[in-house]
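Listed after this line are the structures, all set down as structure tokens.
Two complexes are shown next, each including chain A; its partner changes from chain B in the first to chain C in the second.
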Partner chain A sequence: MHATILTRRRRLRGFQANTIAIVAIVMIGAITLTAVLAPVLISQSANSPDTAAILQGPSAEHWLGTDNLGRDVLARVLYATRLSLLLALGATAIAGSCGILIGSLPAVLGRAGGRAVTTALNMAVAFPGLLLVLFLAVIFGVGAQGAMLAVGFAQAPFFARITQTLTASVAGKDYVAAAKLLGVGPARILGRYVLPNVAEPLLVNLSVTIGQSLLVFSGLSFLGLGVQSPDYDWGRMLGEGLTRIYSAPAAALAPGIAVVIAGLAFNLAGDGLAKSVGSGNARLATARPVFRQRAQSATAPGPHADLVLSVRNLEVRFPARSSSGWVRAVNGVDLSVSRGEAVGVVGESGSGKSLMTAAAVRMLPYPGLASADELAFDGVDLRGPDSPALQRHLGTGISMIFQDPMNALNPSLRVGHQVTEAPRFHRRLSRTQAKRFAIALLDALRIPRPELRAGQYPHEYSGGMRQRSVIAMGLSVTPQLIVADEPTTALDVTVQRQTLQILKQAQHDTGAAILFISHDLAVVAQLCDRVLVMYAGEIVEELPVTRLSAAAHPYTRALLAASPDMSTGRGAPLASIPGVPPQLTDERRGCSFAPRCRFATEECRTQTPPTVELDEGRRVACFHPQPATTSLTQGAHT
Partner chain B sequence: MITSEVPTSVPLALEVRELDVRFGRGRRATSAVQNVSLSIPRGALLGLVGESGSGKSTLARAVAGLVRPTHGDILIHGIPADRQRSRRGHPGPLQMVFQDPSSSLNPRLTVGQAIADALPRRSMSSATRWAEVLRLLDVVSLHRALADRRPADLSGGQRQRVAIARGLAPRPSVLVCDEITSALDVSVQGAILNLIADLRRELALTILFISHNLAVVRHVSDEIAVMHQGALVEIGEAESVLRSPQHEYTRSLVAAVPDPSDPIRPQPSSGGFEFLVDSPIP
Partner chain C sequence: MNTTAQQSITATNPWVSFAVRRLGRFALSLIVLVTAAFAMIRLIPGDPVRAALGSQAPQALVDAQRSTLGLDLPLGEQYLRYVGELFAGDLGSSLITRQPVIQIIADRLPATAQLAGIAFVFTLIVAVPLGLAIAVATRDGRRRPVDIGFSSVTGILGAMPEFLLAVGLVFIFAVQLKIFGVAGRTDAASFILPVVALSSGAIAILARLVRVEAARALQEEYVRTARSKRLPARIIYLRHTLPNVLTATLTIAGLLLSGMLAGTVLIENVFAWPGLGTTIVQSITTKDYAAVQAIVLIYGAGALLINLIVDIVLAVADPRSTIRES
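For the complex of A and B:
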């Protein structure tokens, strides 16, 4: 028995973020150390004139030479670190505190006040930053302190704008609305509900701003508007060194390089911070998956000509987010779809129903890993490496329909163009042929006035018509298999009914098979011939739709009992399933549902129930399959 | 401990009169709620159904004071709602539970902090507040140990229980539930609906229960109101509205509820997609 890896792992983004962060931390540590120690240790050689060593070039004694008073250039560059850094930090502190204060005002003030602040900010941001710095530098007066105020206040509008945008997105959240309803005051809402939730992007920006301030300061000092003699920072050294750039290049280059290194360090820190925030501090696993050998399932179907999709012992794994292990999202399932058959896959969130289906048609998202003993679509093994022929086989044989039609449609192309994209590519339809084909398709989907509608854009369609256009896109290649992942979940019930009707019609007219994934048993029961019930990455029961009310697995029965329909006893407590699904990272022993099952025995907790065939077309993985007579609502939990 | 002052002479807990909500100004204005009037007797549960864009959530937000109505009155126990809205440290008599508990709970606050924030701050010592937090966790059947956890550590159903506990903390007399089971799994939905039914009985709560799911609304409601394109098209006793709907829209809504015993069948005469097989290229 061999396992084939279908999806290769690409480079790990989390690792890159880590590297950047480590480099930045080391650099900032070195700079801070220099800033603290240099003025203590090398003040003498940096600041005491030595008339015997004026304007010397690099030597063993003075690695970067000396200046016009005989002072060591390297020592001066190191000595200047403290002032340069303090000024940049001071300016960033001013920019940050003013900006965050002003930027969060709109979230606290009323509508009119908020608008006034936002308008003022927009105008301030539109003003060129450098001009603002120069203008403010003149106003606050020449010198280190004036420059710090100028750089700080000049960057404040930028910060305020970021804060305002970030807080506005959080201020619209339901938890802020809930806090308002509960009488939480505006200051407390800001401090407790809004700002903590925007802290991470703000920190990233603060870090980048330190780097920017360093650069701007060097510019100001270089122009003579910043630090004044006898004090010096990198900018002033740069300005003075530049006069001798041809005779002693080190005197100008050294402070320049210092600025670049320090600026780079803070920008990298921001970058690393942003990446680790973005990936949720993901520590992705580096271990290879270990595939468990499984006993051959007794009822596993062999390859058949009448099967359009045939999958045996499919496993899907993802690197765990929190630990170094693997999440077993799909745990050895068998799945087969006959030609023209409608198969429903039912399960709750996290049951692995979408991942199982995606892996079965080779569309598993990164960084998932899949393996299977058999994986064949229309007689072709899908487990091999990617090839144009395989792509074409899948592209013309399978169509996918997802929950949100807006993600599948290009908003800037006419619908008529989009629904014929595939046949124009695969069958080289001409323009007029494509147009007639598009109109015929939209007409068959009962979209009124198809001639007009074909020339319209997706935003001119209603939600239901959009989903039907996506179905049209899928049908345009006359597929063997339509995979629909929660296609009606985002739709209203009346539109859902139309969409299901269309899918049924397409199945009937073209002979396509349907693999329909849904959380809604009632919808599956209406559309499908056969149902697979998934729990914790395993198929726990498989049965014809007509036998659904006689389901044998306690989980299926609990699902049926938990969803009220138009005939359940009103007011009577609904059945519910106590507990939560298992962590898919743990090594599983026994039946995954046992901890939540009221029929579970010691056997269920220690041994994995094999999948057994109860009668024709009914398979269940349970030690205690329930007879049809057991009450569904008995043992309701509140 | 506070209880909202309830004048016992008024039998209606919530009354909405000729409510209009418009968004935007001038020609681009859209009307989300048009001339809606409804009332809920004390201790009753009114189910409000409608499809997306029907204005049911806007109505809920207007009732809660989160959206300003363009016209009309909202009375809570006969007193204009505006006069009894939440002010700093004084929660009002009407609270709301939102659809998605993952966005209605502040991810930075622990469960205990989130609920404690809903309790009056001045009149309670911190020990009393914490005791009240634990009592509320008991009310919604959550383990007390969860008080120190953050929402990210909880399941969807547990989070929604926290949101309900938070809504109950200021001892409201009216609770607005806006699609509170829509983001939850079926196995959890039943438990939340049972909780709502229990709370109603034990706390004599008046509830406005909003959902797009007719079967869910039917299960919990005394009366059902149907909204369509911003207007209230039908209101009446729950079972009779669903059994013999008067408005055409209600009829189409009831007919579209998925019924497992009524499979969808292809229509043989339509000829719909046969052209794809017969002659793929017209």
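For the complex of A and C:
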């Protein structure tokens, strides 16, 4: 599902980029045509003074009015296209050729020479471009030619810098190394192997440089340092028009608009080409599925004094990307966690275990929607509107530990501050109290020299210490419930074991309940009392961890068989569950696991199996629950 | 080249190593700048003094000016003399008015510095909250229209040269609506159009950057952790998101500031602002090379100083910054 969405999006983005590029290229075509034809066709109205029509406003005859010598402003703007464009092209030619020459020097010169060129380029690029232009304009002299040289040479360092970056990336490639080994000379390597491979981005950059040159040149002519009378380009027209902006605003605005349009056309052409050439991944961040919490009122919750979390018929949906429908990520699950109990939730990725848990504690991300017949934490209904009291209840009652402990600490804030942030905010701890508490917490989690460590930033911590501080942060509110979402997945085996021990110890010390999400049954078995097995947004089996080996649901069985343990022969292939989970968009019929189940019958495919209680604490949703005697490994190796 | 020496310094103290490296680069850049300013007059084809004074000027006057500028000495001696005078605070005299250039700069620099400084502060004040607010409003793909509108407007503003925007602003607010005067530096209101024109492009670029960086930070695990602590929105965005945006913001803001310093040249000429920008253009047009040389030096040194300050601020604000490690 994700794969198809991504291809569609990429194609769409490619299409948008192409549209932009096509529009820009059509604009460039029109500009070029104007540059070629205007001096031939409208030289008369652009350049011949007409004393009878001085400084007229827009009319049918003169669409943009006339200037102080009675010449048609529109005609002059069109006429100036040729000179403006030619000067920009000339400047770009200078910038491009010098830039490519200097920028490819490091690839040819060897280390010391290359570094010298790079340093010089870095220094030149650090200067504002306009200063460089003015500096060079002084040397080359005022006038069209001098200004062209100045604009060209001033942009050369930027072009050289880009060339250098591009060639450096290619110079490290295998085929270049191979050519060097074969004794191909540096100049030939550059000409045959390096430059052809960076030609495309360089062309894109040339287009952008034309746009830049147009803009910079118009600035220079505007200042009176570029094109001189009687010639005129857009910049000079603009500068002279500005002095009469009250009497004839069009004479100042029209050339300005022409510069912007032409500049944008070349910039956009470059951007469009770059996007359709390269892969623009800037938007991929939004391709992540996202959810929002919305509680739906239903029947009143029944109070369960011994339950810390109780959830009945929880559903989580989010808008489907491809159509107007909904994806049902969690489909009517019941979940209850007793005080001090450790409950594991297992399932493959995409089974809805994380979303179910997030919805259960009001952390469902946008644009997800959750609804439930009952949703209560510590006796408080979570389905109502948000309020500070509810946030405090949740903030002091639940702590969450996420998948990647290395990134759970904010790099800009001191660890001590982060560890006690929740109690300081929700319990109004003072600064000194919080500091003392932070040190005590870090000390309790065996972080050496906690007084010093509390004042440090996460990057000064080792991986193991960061992991322990994240848990210290979770314990700072003395929660009733710790939600751990795959907290050991990103860790190596040793740290994983330590983390589990710390969690177990914390549970023992504080009496907190744990809701532990994992795809790894072996990890869950080490920590939890009870296991919920999720498949395709449903809980298919629930059983005490001690009865895992007697699991009745074929999916649980397959999961068990797929997790290797010490008794698995080293030569045996790693088992996997054949097939893929169903798409959650489908209107589902029958058992979700049926297509992958080797015990499935016609009944499984047409009817939804009800959840039945096999014996005390053991519930399963299956028409064919397996007796304890069936061999575990049987189906897995097929 | 000298990795072992560098490592030993780094081993003693990263701050010392950073200071040595960064100040060394600053000094080197200054030397290059001074040399370039010195070379500028000498590179002009023909006789710059004759060009400045015009073909009608008596030869005796031209020769006298040449010797005041030291152009009749050997090149090496000229350079030493130039550097010596710089250290003494002597930037020479105008070829046209004979006024000491240092006096011209003292008269004109404050107006330019004021314009660039106000525009820079205005840029930061607008761009950072705007970028953050847009990132928050459009997080996780919310409010597509806001996203598209912001991207389009800032895209166009960021690509438009400031002096064209200035002309447009003059037309709308001074000519059509008659809210502000067209030009000059008079009261506080006369700052509004130049500052807006000078900072709009920078605001667009910086706001886009802040938005991208903040959007990235909002996806991070530490923000999810902060949310799981059920902290109020202001703490999540201002304390947990904003500080992680600052490094990139400062880096770009430094570049924008030195770009703004140069941008004042065009803006001052649109608004007839009595600063260095109008002076340098007049000096170039009248071929007053002594003044041009000195003003180029001032602008260049300003840009170098801004780069240096930004790097120092970065190193202090973000101890992990690559500046200290690289």
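Operating definition for what follows: the second predicted complex is superposed on the first by the 324 of 638 C-alpha atoms of A that agree within 3 Å, B and C clash if a C-alpha of one lies under 4 Å from a C-alpha of the other, contacts with A are read in each partner's own complex, and residues count from 1 in each chain.
In this section, a contact is a pair of C-beta atoms (placed from the backbone, for glycine too) under 8 Å apart; a residue touches a chain by one contact, two chains touch by 3 or more.
Remember, predicted model here, so these are calculated numbers, not experimental data.
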First, second, both or neither for A:174, with chain B first and chain C second: first
Touched partner set for A:599, first chain B, second chain C, both or neither: neither
Partner chain in contact with A:392 - chain B first, chain C second, else both or neither: second
Contacts of A:426 with chain B and chain C, given as first, second, both or neither: second
Touched partner set for A:520, first chain B, second chain C, both or neither: first
Partner chain in contact with A:496 - chain B first, chain C second, else both or neither: first
First, second, both or neither for A:548, with chain B first and chain C second: first
Chain B versus chain C as contact partner of A:256, first or second or both or neither: second
Interface residues, chain A side, partner chain C - complex: 112, 115, 123, 126-131, 134-135, 137-139, 141-142, 215-216, 218-219, 222-225, 238, 242, 245-246, 249, 252-253, 256, 259-260, 263-264, 267, 282, 285-286, 288, 290, 363, 365-367, 391-392, 394-395, 398-400, 402-404, 407-413, 421-422, 425-426, 457, 459, 470, 473
Complex interface listing, chain B residues touching chain A: 51-52, 61, 64-66, 86-92, 94-96, 98-100, 103-109, 117-118, 141, 155-156, 163, 166-167, 169-170, 185-191, 193-195, 197-198, 212, 214-216, 218-219, 238-239, 242, 252-267, 270-277, 280-282
Complex contact set, residues of chain A against chain B: 173-175, 177-186, 192-193, 196-197, 348-349, 423, 427, 429, 433, 436-437, 440, 444, 463, 475-476, 478, 492-494, 496-497, 500-501, 504-511, 519-523, 525-527, 545, 548-549, 558-559, 561-566, 568, 570-571, 573-577, 580, 636-638
Residues of chain C defined as touching chain A within the complex: 1, 28-29, 32, 36, 40, 43-45, 139-142, 156, 159-161, 163-164, 167-168, 170-171, 174-175, 182, 212, 215-216, 219-232, 235, 239-240, 243-244, 246, 258-259, 261-263, 265-266, 269-270, 280-281, 284-285, 289, 292, 296, 299-300, 303-304, 307, 319-320
